[in-house]
């Protein structure tokens, strides 16, 4: 079965949208119509132009081309979404694997630790952390990851618990293979598959949370553009200069929608396999 | 009461059409208990669903004659369901809603079919529950299904069917989930209700004892085809169709009570197959080359069956 | 495990969680900022002012001792003084918490009222246009950034159509000329208690847009969860049984199938309320809603850590308490939960 028939028409469109956003972000300096403005250079003479060529999405209060700003903002927003998931995975996966494999006291202690983090309303904990760490892209990523890793820890633990009783793992243990080797060679690869599907589905929500932080002024610092931050900057001029906030707002919406649809398609595909 | 001739039901599926019912003939007189016998997958439940108009979506129904109480069923299934025809579900533990009280479940049935004020509906519920032999029905109304024994649950299911006011009941394996003595009590109750209320019952079962004890007549189904029909005494003493014979022969003699249909050698042709000739030919010890053609319908001693074999 | 033991275990777990939460808040508010004393001392402090602040905040005490006194203070409801306004934080919280809870409660209610029936209908008519449109609506509601939705709703219903007030909790005329006596702090309830139906109308009108904004995401989740739960339930034998008894489709769907979905419904309730509590941070600034969320986001901008800590702590307590209650209700309704 090919990837496309697995994803179905909706999933394929979603994948295309995600790919397009990724491409725009990576190739921003070449694809954005006004790269210097996208990177933050002001152009006061042309401020608040409504959408029309050559500024297809209008210009902002400093006369910068909105399309270029949104394309450049995508670099920050997309990478923060991806980083949140990767950092959380990097923290949650080992913790969950240790808890599941070691069992007993370790398991209890680590799982109660996840309970504490999960007991926080996620966005509020992220706000608390971001405020403590100070604004900035990496700090925002860390702040969200703090609320995110326990989910992966729990998933990894559940996977390890089922894998631990598999015959080939038992056999390896009986043959005297070391624990760390069993975890790395046998358990990790098998646990990674379901977790990576989940992680792919989580990029959308991670992106939404990151953009919420940046909307609150806790994300990337100007003049670096970031979608949530641009929406907030445009709020002062909304709805008269509607394009200012609508362009980045729609970008977040469309990308999150594409990730959600892609996630649904992936999950349906897995079910079809089962 | 019920006249069905050459009923067929076909379901669409990814692997092509499924012939779940191929040729069903069934006629029942008022006040009778009629058994519908066969192995699982032979079309017993599907026949009931066709009567209730609850076939899966996309089902294609065809029949030479399909009449209930003298009128064609087609187009008025919904007005029959619950009003004239009601189902006594199998496995009462699963057939009752676990989160609603017995009173609520009785009341929902009654108010769906009778425009009565609340106190009268409740009185009716109590009367019907009492009629099914349940002790202290007033108190029962506040109970949940899991607080009752299997036999009591089955009586509640019967009471629900009675509460609709229907005069034709379809009992789908009513004793399968119960132990033997409780099952016998439930069967006695059904017989009494038929006598006292003038009901007609289609009894779906794979238990020959149930047929012998309760039914007046019975029809044997095989692969969606009614292969033999007749009065129960004659059917059990002188089975004519080789399949009926095989079924009865497969009963262990040592355990005549509570005996179930033991598997007959071989398996039922899958519903994906079209069967132009005799459906049982592949498993029949008497099969000949003639069996590739549709078998003729034969009659003798009140029994009718379709088979190429001359009477032995 | 019996119900009693389950209850005990669940209570102990909640206590542990509250302790952990206190510790995290302590670390974020008292340890991480480069120098809390400098923040406390105000803008451009002198070295002497910072030293004085350090003593006042007991920052010179060893960490365990500081944590202990912090925990005791939190437990006794003494949240300290705001760096910025120098007002006792507890007093502010008393004013702002009811506003946030009111908004959260109404938006949760909206999410359930929209999401659960829509999910049930989708399940009953699988593959229909309603199911498809609902499916898209649900996924769109989940993907919509809350703050952007808030701005769009404001632009459409307040600024363009003028149907609803733009922001705030009550109209200025009412707040100034005929203020409402605060009894519970919940405007809707206070208005009813005072018999002021003009205020009730005004307060409800102000609530609609922020509550709708906060309801969108949980309504989408509710719809999807209800749909999948109901598809499973509708396939159960007792549903076939009542169909075979001639009950109407509506009565079967809402009277017989939906009551079986009580567990997913409680999960949805918890999710919605939690989302509303945190989403308040975003929505309250946009709608100028005088609640905890706005209080926190303003504190974030002025680095007012005691305020952020106290608000986080209080909201988290609400959240833990709600989860505890929901788990217990679920265990009571369905004893299998306690057995896990």
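Read from first to last, the chains carry the letters A, B and C; within each, the first residue is number 1.
The rule is short, and it goes like this: contacts are C-beta pairs under 8 Å (C-beta built on N, C-alpha and C of every residue); 3 or more make two chains touch, one makes a residue touch a chain.
All of these numbers come straight from a predicted model, not from anything done at the bench.
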Chains contacting each of chain A and chain C, listed by label: none
Distance-maximising chain from chain A - centres being C-alpha averages: B
Chain centre separation (chain A, chain C; CA means) in Å: 23
Cα-centroid distance, chain A relative to chain B, in whole angstrom: 57
Of all residues in chain A, those that touch chain C in their complex: 112-113, 115-117, 119-125, 127-133, 204, 208, 211-212, 215-218, 228, 231-232, 235, 238-239, 242, 245, 249, 252-253, 256-257, 259-261, 264
Touching residues on chain C, where the partner in the complex is chain A: 13, 16-18, 20-21, 24-25, 28-29, 32-33, 139-140, 142-148, 151-152, 154-155, 159-160, 274, 277-279, 281-282, 285-286, 296-297, 299-301, 303, 305, 308-309, 311-312, 315-316, 319-320, 323
Interfacial residue positions of chain C with respect to chain B in the complex: 236-238, 240-248, 251, 255-256, 259-260, 262
Complex contacts: residues of chain B adjacent to chain C: 52, 54, 78, 81-83, 86-87, 89, 91, 94-100, 105, 108-109, 112-113, 157, 160-161, 164, 170
